[in-house]
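Structure below; questions to follow.
Chain lettering (A, B and C) follows the sequence in which the chains are written, and residue indices restart at 1 in each chain.
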Amino acid sequence: MAIYTIKRLLAAVPVVIGVIAVVFILTSIVPGDPARLIAGKTADPETIQRIREELGLNRPLWEQFTDFFKGVLTFDLGRSYRNNRPVTQVIMERLPLTAKLAVSSTALAVVTGVSLGVVSAVKKDSMLDHGGRVLALLGISAPSFWIGLMVVLLFCVKLRWIPGTGTGDGGWLYLVLPVITLGMRPAAFITRLTRSGMLEVLEQDYIQTAWAKGLPGRAVVLGHALKNAMIPVATVAGTCMAEMMGGAIVVEQFFSLPGVGRLGLEAILARDFPVIRGQVLLLALVFVAVNLLVDLTYPLFDPRIKYGGKRRHE
Amino acid sequence: MGERILAVRGLKTHYYIGGRVIKAVDGLDFDLERGETLGIVGESGCGKSTAALSVMGLISLRAGRVVGGQVLFKGKSLLALPGEEMRRIRGSEMSMIFQEPMTSLNPVLTIGRQVSEVFMVHKGMSRREALDEAVKILSQVGIPAPGQMIREYPHRLSGGMRQRAMIAMAIACGPDVLIADEPTSELDVTVQDQVLRLLRELKERIGMAMVLITHDLGVVAETVQNVLVMYAGRAVEYSDVSGLFNEPMHPYTKGLIASVPGLGKAGEKLGGIKGEPPSPLDLPGGCRFHPRCEHAREICRIHEPELVRVGDGRLCACHLYNDW
Amino acid sequence: MENAWSRFLKNKPAMAGLFLVTVIALAAVFAPYITRYQPTEQLIWTEGSKVQLVPPCSRFWFGTDIYGRDMFSRVVYGARASLLIGTASTAISLLIGITLGALAGYYGGVVDDIISWLANVFFAFPFILFVLALVAYLPPGLPLMYAAIGIVNWAGVARLVRGQVLSVREKEYVEAAEALGGSGARIIIRHILPNIMAPVLVQATLGMGGIIMLESSLSFLGFGIQPPTPSWGYEIAQGRQYLLTGAWWWSAFPGMAIMALVMGFNLLGDGLRDLLDPRNDDAYGWWGRG
């Protein structure tokens, strides 16, 4: 397992380098001069030139890239153009909130998605199943901000249970709505995935064996079938968590939550390139790490899978 | 005559697939005595497995339904039993093993878990006790090093070992009836013999009755006492095993025996049966075998023959014998 | 094929999807004929505040916004933006994805290594951030947005095509074509691509829903189509505060329109998969981004 993990980490290196290169090229060729932005509209040419030199913007692109790359290796991602604070610090401040959001949304999505999917599969073609499938379809087809709007309408305006926006004192109550909003689509997707997986598994010979042993229905469904249907769910749960770490922009913006998604948006608007680079790098690393973790969990679900993702048949 | 433990009367099981009715079992009768071994033979698709699943109350898994008849087990009518009571019988008093040892064990659960849960469910044992019992029962079915085997997953076992593990689960609670559906047809020939020998031994030791479902007349010849021959969802002949092989009565049975080299009487030509078994969607009228039967007469096209007594404890459903 | 087609006609969800997509597409094409007002026409200048935020009625089917614009008209015209971005971006991602995927699968070796690496880089890239940055920095204009979204989606297509090509290139007809001395490009275009289009079509259809959702998210954030041109995501953002205070129609109808169109493509894609690509289970198709 350790060897496999190391191999996978090494294999991720070129990908991460590629991501760094793409983001670097992207942020370097954009029209508009960051020095001018930093200096402000009224600054004289000398000031702007001084800032350019301070930032190293006057040097050849290739040198800037290698500098940036060296910086990455030493966890020094430069300083924000906006407030001159280290990029790592700026991002790390914002990370816990987004991580909280991503982890709890994924947990919510897995719990509701798997339960609904199992019920739907077991009660196939019942009203419950049809209802669940329609709900899943609606959930998958609705953009997250639209879901957010509906959630706010329901919980804040109609029911008046929960305050609408803001982090307040950072309490969990303020995360309830964003978490529901963010978790809805993955939940709908996992419902669907679990249902189709369970339907397939429930037809297998070993399920017939389980019934023939006289196991109660719960034991057959939860003890024998569910584990066999969990691998695609693990994959999707991982992917969506990785995406939420970076893609929660809309929801963070919607609920005015100061997470990394908002940070990215602010950085883009302010042309704060060091922050953008740092953030893209961070998210690529999260993506690689989460995928690796998901792969490492496969053998827990299916002992036939060896580390490396290949299923062994004997 | 021993005590009758299982009686099937007029069993009809139909599948409903795409709005069409498939009459897989269409009026089946047989009896099983305590300690008896009954073979049910027939070509694939004749309804053997469907009959077995109907008796076990598992036919709903295959989109099928028992639409008529009776299944009496120790005097109880199984078809009328509430689901929960039927569940308690399954796997304890009456159990079943299946054809595919490769796919009939859950790939993601250990052998120990799969065997021990039978004890937990039916005997109310704790996990620990159940695992200890699992080790014992695995050694009884001839699995080497059972203490380690309980921690293994099915894919690490050979086909024969997997089938032994299946058997261990099925006999764990000392059932009165064991239904074995083609238990050896997926195994190598040498392993087949071992598994059949094991089943015979266990049958003696536990004193259970066994229903052996197979298309392999060779397996029947060396394992069972009585044989029920099925064709297109019905029984066409019932006999003790020596009577069946020495003096088959129904033309279908004759054809079956003749198609196996070395089983028929010396000098008899290696025949076989012309044509294909009928589609269960479109069964022929009259005797279901008549389109393939060389003795078919007018009456065979019109009237379906009843299963009637044709000799000492033998039954046959054929107009050739009805005229007597 | 006859049989497959009749199966498709019997597939109720797929037909529902086809219906939704067709109705919305027709509405978009014939928008001037089915709407009473221009989508940008602000009736408050002529009729005053009594046409502000009018609830749905016989004159304004979907009500009006705060400028007295007819929401029905804005929703119908908004379909144009969504469908245009959906099809154009899909076309771009298919073009790049099929080309690179086919090259990687057919030639293997270093070509495959480089293209697969590039695809992995794009997979690891945070998508929305990428599109946001492109849209924010490059000069505004719709073609740019098509390109940006297309570039985001090519990697998935390439991965699919590569796998398909790998499995098809061992087939007899490809080997025969090679033995006859056909050139690589010719063999790919004439012999391989026609045989792998079914799963690509399925993925493209399912991808349309994702792209439309992504576009609406961008418009919602204010990065998409620039007002006053109507776009569903932007309408929802504009009407958002009124939704919470009672004037629900401003946001609600554009929201329902997005859901209907995305759902239409999802259902249609599912049906096509059942029809064309039955081996594939429905695991990953619907995971659009938005």
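Just so it is clear, contacts are C-beta pairs under 8 Å (C-beta built on N, C-alpha and C of every residue); 3 or more make two chains touch, one makes a residue touch a chain.
Here the structure is a predicted model, which is why all the values come from computation and not from measurement.
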Overall pattern in which the protein chains touch one another (line/ring/star/complete/other): line
Pair of chains joined by more contacts [C-beta pairs], A-B or A-C: A-C
Averaged-CA centre spacing for the pair subunit C and subunit B, given as whole angstrom: 55
Geometric centre distance via CA averages, subunit C-subunit A, whole Å: 22
Mean-CA-position distance for subunit B and subunit A (Å): 53
Subunit A partner contacts - residues on subunit C that touch it in the complex: 117-118, 120-121, 123-130, 132-134, 136-139, 209, 213, 216-217, 220-221, 233, 236-237, 240, 243-244, 248, 251, 255, 258-260, 262-263, 266-267, 281-284, 286-290
Residue numbers on subunit B that touch subunit A, as the complex places them: 56, 58, 61, 87-92, 95-96, 98, 100, 103-109, 117-118, 121-122, 153, 155-156, 166, 169-170
Touching residues on subunit A, where the partner in the complex is subunit B: 204-216, 219, 223-224, 227-228, 301-304, 312-314
Of subunit A, residues touching subunit C in the complex: 14-16, 18-19, 22-23, 26-27, 30-32, 137-138, 140-146, 149, 152-153, 156-157, 164, 189, 192-193, 196, 200, 232, 236, 239-240, 243, 246-247, 249-250, 253, 264-265, 268-269, 271, 276, 279-280, 283-284, 287-288
